[in-house]
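Chain lettering (A, B, C, D and E) follows the sequence in which the chains are written, and residue indices restart at 1 in each chain.
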Amino acid sequence: MTSILLGILALILAPLAGGLIAGLDRRVTARVQSRFGPPILQPFYDVAKLFGKEPRMGNVWQIFCAYIYLLGAAVSVFLFFAGADLLLLFFVQAIGAVFLVFGALARPSPYSQIGAQRELMQILTYEPLLILVFVGLAKATGSFKVAAIWSHPEPLLLQLPLLYLVLTTALTIKLRKSPFDFSTSHHGHQEIVKGVLTEYSGPYLGLIELAHWYEVVLVLGICALFWSTSLVGLLVLLAVTYAAEIFVDNTMARLTWRWMLGSALLAGLALSFLNLVWLYLA
Amino acid sequence: MQNVTPVTIAELKTACQAAKAEGCRLVTLSCAELDAETVDIIYHFDKDLSLKHYRLTAKKCEPVPSISDIYFAALLVENEIQDLFGLSFSGLVVDYKQTLYLEAEVRKTPFCKYSVAIANKA
Amino acid sequence: MENTLLFVLIFLPFAAAGLCWLVPSGAVRRGVVLVTAALLAAASLGLFGRGAFAATPESLLGLPLNGLITLADFALLLVILGIGLKRKNRWITILTLLQLVPLAIFELTLPEHGPIAPALVIDGLSLIMILVISIVGSLICVFALPYMEAHEQHLHLRSSRQGRFFFFLVLFLGAMNGLVAANNILWAYFFWELTTLCSFALIGHDGGEEATANAVRALVMNLFGGVALVCGIIFLYGAAKTLSIQDVVQAGSLGTMAFVAFALIALAGFTKAAQLPFQSWLLGAMVAPTPVSALLHSSTMVKAGVYIVLRFAPAFAGSAFADCLAVAGGFTFCVATGLALGQSNGKRILAYSTIGNLGLIMACAGIGTPAALAAGMLFIVFHAVSKGLLFLCVGAIEQTIGSRDIEDMRGLYDRMPRTAVITVIGIVTMLLPPFGVLMAKWMAIEAAADNLPVVVLIAMGSALGVVVWGRWAGILMSSSRTKKAWPEAQPALLRWPLAVLAGGAVVLSFLLPAVYASLVAPMLKGPIAGSAGSLASGLAAYLIYPLFLVLAAGFLYAVIAARQARAAVDTVYLAGAQAGPPESPAFTGPMDQPVVVSAGNYYLPSIFGEERLTFPLNVIAVALIIIMAGGALI
Amino acid sequence: MLKDFIRSSRAKSPWIIHFDCGSCNGCDIETLACLTPLYDVERFGIVNVGNPKHADVLLVTGTVNHRNKHVLKNLYDQMPSPKAVVAIGACGLTGGVFREAYNVLGGVDKVLPVDVYVPGCPPKPEAIIDGVVLALKKFAEKQQAAG
Amino acid sequence: MARTIIPFGPQHPVLPEPLHLKLVLEDEIVQEALPAVGYVHRGLEKLTEIRDFNQMVQIVERVCGICSMIHAQCYCQGLEEMLGITAPPRARYLRTIWSELHRMHSHLLWLGLFADGMGFESQFMQCWKIRERIMDVNEATTGNRVIVSVNVVGGVRRDLNDGQLRWIGSILDQVEAELKALKKPLIDDYTVKKRTVGKGVLTAEQVYELGAAGPTLRASGVAQDMRMTRYAAFDELVFTPVVETEGDCHARLKVRYRELLASIDIVRAAMRALPEGELAVAVKDKPAGEIVTRVEQPRGELLYYLKASGKKNLDRVRIRTPTFANIPPLLAMLPGVELADVPVVVLSIDPCISCTER
């Protein structure tokens, strides 16, 4: 029962946390770029404004996909905080990810079509890596359940350092940050305009932004599993990880998805494999 | 302007081929209207920072052979002259058919003071 | 009662097939097929209601059954030999002889000729197979009725060859039911070879050079599997001194010779399940009319391959051989899905995906833990329903739009709204939770967590699957229409199997805990008792149902919200150069010409191209099989 | 309360799209300069989104000519309301020094309803920022007028 | 094979200017690229019929807002030659100083846009931050940031005093230091190299035959720079062209980066050697004749063909801008590159469409 309540609480708080993180991110990024940056609450203004805009749609299916993206992201966050099985919640998250692709493919715009194809390539990269991270977590703790992993007595970071590195790579893809912001980018200036989001506008874009906040909370939650023993450690880990993401975002050009498949994926698989072999032998 | 050689329509392509063989870079073409019937097309070439020019005096209604097959770089400027002077170049690598700059509703051949009927392309 | 039901399931199709062949009337054929389909489905459900049991039918119509089957076995082999001689195909002849001679020697030297008791055993695994064969297979037969009418009209045949077609189609179901019910391994062998013959006849049905060549290839490869099976049976008898499958499985450790037998049986399973390097026959089988593909891929033929391996899996669980089998299966899953990524031909995508999923079942059999075996069995069920559905969808689409290329299905919703939505449902049930295939994959990954190479391969393969399926489903709905398209006209016998399978795929997933409890759980006793992972725990239902309900509620809300959205119609973003009406997006391009926009999926031939990959992958697959054989000897 | 938040957010989150209509680049680079550290319009929540479907304010620089007038109209049509148009620079206002050229139609208001005119050749970044802020007030007024 | 057809422009966030490319892609590899232009065509060459030759200076300044000073310089130089007058030495030195400052702000602007085209936002910000210092100099010395309007036929309109010269010197020191700090995180960065090395390669022969100009030409190893023709103060200042040999986008990046540093040196040398004297000579005659004149713009060789017949209006002003010359090489580079590299390759010629179409 507690776990369900926790899940429901997360369902309400996650967008707030996600929005705040996005706001902080924008502020810090601006400072890194010698700018002042927007107010911390800026993401909330943005999304509120989007909900106040005139709704426009290409077809019903496109709108439906936006809702399902939000549903997938929200339910996976619920499952995470309710302590459910990592693989299950990841697959539920995949519902959202796949429907985002469906939504982008629903319109004959070449920009969103290319975005969708790129998004699929991104899924192709992060999905196996995340599954291996989960296998590593399960191997180290004996369970796939978030609840069980959470109550593991030692910080998992010590056992799974390489897998944490792999996780942060996947996190970069999920956060749509350089060098992996292929399918859509937070920066306005991308060769495929806004990629998967090109054809969404107004309130439906707002839904997607909301879903993105849920996803950010989910991936950070997974990061948190690596140092669940101490609150301070957890916060330090998350802060350092996110700061590193911003740092990487600002010191790297966008690369290409071919590079991602050829280098990032293979390197990620190799690192995971190494860490898992170590875990299996130990 | 020094180093100007007049050429005729018949000599044009051979002259350009010779210029290319010499290692000249095609800088551009300049077109200026002379009177109601004729225009000057000046072909500017550069070699080691010195310019030489071929001057072709062409009739407006007569198609000029395109040199875009010799110098690909002539492609844009020949299309531009088609747009602005209503001349016609034969054998263009990519022919924009007078749509390079101008929409249909804009007056044709704005650079001709003397309005002439545009020779329709075959 | 059970015996009657079994009789209906195995021998009714034989009789019905005969009728189809003999009576040229289309109406009679239609009636026969519909009645047979209904009876088969009813009988399988009846059997399901009764649960596991064993039977030893002595005779059929007064003839001793054991002898009858032996006789039929040789007759069958002689028929195939005849085909080989008639076509002057050396390979068919040699491979048939290689079965005929050892089998003859084996039968002659067999010490006890008496009946094996029990000859037929129905347990959870058999029941799963029978249900799949009799319900999904029957639906495909029904779908085939209008399909073949249109098909023959399209070909302008002078005289209908549907009698022959439905003979083999219906016979196939009987053979499969026989195969999965048999406990006497020699009986199983007979039905096994019968499916080989049926598939040969059906693949080559349309005639023509390509069809014949592919049919022959299928025959040769499956005959090779047949040789492996015969040898496997002989070794198995040498090791276990019994022909009863149940006895072998429950015998415990049997020594090296038994493992050689398992390796040979696995090899036979690999050929039938078209695992690498034997995939080419299944790909070639695409020349056949679509119902044949649907049947081969979902409920019959290839499933026989994984069935036989799963059947023996408990006997070799935990061995080095099993580990090698798991790796080989995982390898097939990963690379076949990768090959599917390189394809734009809808049927080839489905074919590679089938090969891949069967590889996953092989991997489950190799992992051999209760969870893995449960995953494997669940896979058989859910894969059959979804894959059968998808094949029928491709068939229906192809007959309307004249292409099976997925690029041509872009925006199918505009032309065939119902079929497009059903295809998307089919794909989603293959791809996403809470549907059965994914739940089974979830169990498989959890079960594979202890086997590092396998889990890496499965993780990679499942991600490749997302790309393969995601883009296909996505482009079907890529519509520029803002108003609803016209409802499509479709014969009822085409429409209903699609609808039933689509509904079935969804409902069955909802019933997953029940399927598990009634069919799978009873199998996880005896030598393979143990925990079957998250899904099997008592909490499974508490997990699945709320998740299902939450997702369904969200889904419904999204449907309503999307339908009620009072949004202005939007044009496509084309960098400000859009021109023309929103229904046919175009932009003003160079020379003021309108350019109709188009988009294509990425097939990455340099990474996932068939031409590039097939040979090296086959080499690796052969190496894995050799290692597997080596594993058997350890 | 939610409605109030949405209304107040509108003025805090103007996403702009910039279209170079037929400008000499002078106004364009000054518009781009607004994004950069010295001026940093993101302070006001202004983001250059580059996609009309996401934009609230259309910044137009340069003269309208016969070819780009279609593009300009298309972009404006794709922006969901509420929206505003800011014409930047002498050319955007009237056609500037090019007003007599044969391919020049004139200022932006020949094609679109312009809310704010920012004069200058080119206007300084401060003036452009000022124009955007003024546009926000304009569309707040329009919203009120519409109820 | 499935093809994607994409309209790249006329409104596109990566290209601030309305250039349209119809790209045909396969797996995101460009198979065909065909440009459509005319979105910025104003027809300003024809304005010479209603503006006299002095007023035309203001018009040619607005051919392009990024290199406006150099357009006017080229035009005035040509007319001076036609009229048989020479601008006084101080004017020629001042023209050199302002034109090199213009080159710097243009190159810095390009560096930023190029980084932005690769999705490297922070370097975009950094480059434009440095650029603001040059803009300050423009504003302080001419009264305007962008269109500085210092040239007149016969010389220049504005002067620099000693205080200003010293101040410019200190600004240049700052800019130089900041530029040098940019080398590691931008020019030598791993990701930047990944995105630029080997992309859009043209050999020296190809690039010459295609008629390329400016950094595009020099990045392929052809040492051609109009400043070698010794116009303005270059007849007295030492000048060596910046050349790289790889011929890819990274070489073009390096050429422009090194030209930035070279421009600082030229400005410093010109300020040191700045002669005293008049700013302009008076123009009494009406121009007549035909003249071709060339200068080096930030984007390369700029050519003016002027024709006059002794009236106050010129008969013909014909402007061939460097981007116009660089479009054929661009079309040769595009097939075979990835879509993601299209902005990089397009930006690598530093396209200026308003120049191209006039």
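Annotations for the structure displayed:
As a working rule, a residue touches a chain if its C-beta (ideal position, glycine included) is under 8 Å from a C-beta of that chain, and two chains touch if they have at least 3 such contacts.
Predicted model only: the values in this text are computed from it and were never measured.
Contact with both chain B and chain D is made by C, E.
Between chain B and chain C, the least number of touch steps comes to 1.
Centroid analysis (C-alpha atoms only) places C farthest from chain D.
Measuring from the average of all protein CA coordinates, the nearest chain centre is that of A.
With centres defined by CA atoms alone, the chain at the far end from chain B is C. Centre-to-centre separation of chain B and chain E, using mean CA positions: 25 Å.
For the pair chain D and chain E, the distance between C-alpha centroids works out to 27 Å. Here the spacing of chain C and chain E, counted between their Cα centres, is 65 Å. Averaging C-alpha coordinates per chain places the centre of chain C 59 Å away from that of chain D.
Residue positions 33-35, 54-56, 110-111, 113-114, 117, 188-190, 193, 198-199, 201 of chain A are each in touch with at least two other chains. Along chain D, residues 19, 36-37, 48-53, 67, 71, 75, 80, 102-103 each make contact with two or more other chains.
Of all residues in chain E, those that touch two or more other chains are 4-8, 10-14, 25, 28, 34, 38, 41, 43, 46, 125, 129.
Touching pairs of chains, sorted by label, consist of A-C, A-D, A-E, B-C, B-D, B-E, C-D, C-E, D-E.
By the touch criterion stated above, chain C contacts chain B in their complex at residues 590-592. Touching chain E in their complex are the following residues of chain B: 1, 20, 25-28, 30-33, 42, 44, 49, 51, 53, 71-73, 75-77, 94, 99-103, 110-111. Against chain C, the residues of chain A that register as touching in their complex are 54-61, 63-64, 67-68, 71, 75, 79, 84-85, 87-88, 91-92, 94-95, 98, 101-102, 104-114, 116-117, 120-121, 123-125, 127-128, 131-132, 135, 138-139, 144, 193, 198-199, 201, 261, 269, 272-273, 276-277, 280. On chain D, the positions that touch chain E within their shared complex are 17-30, 32-33, 35-38, 48-52, 62-63, 65, 67-68, 71, 75, 96-98, 100-104, 121-122, 124. By the touch criterion stated above, chain A contacts chain E in their complex at residues 29, 32-35, 110-111, 113-114, 117, 178-179, 181-182, 185, 187-193, 250-259.
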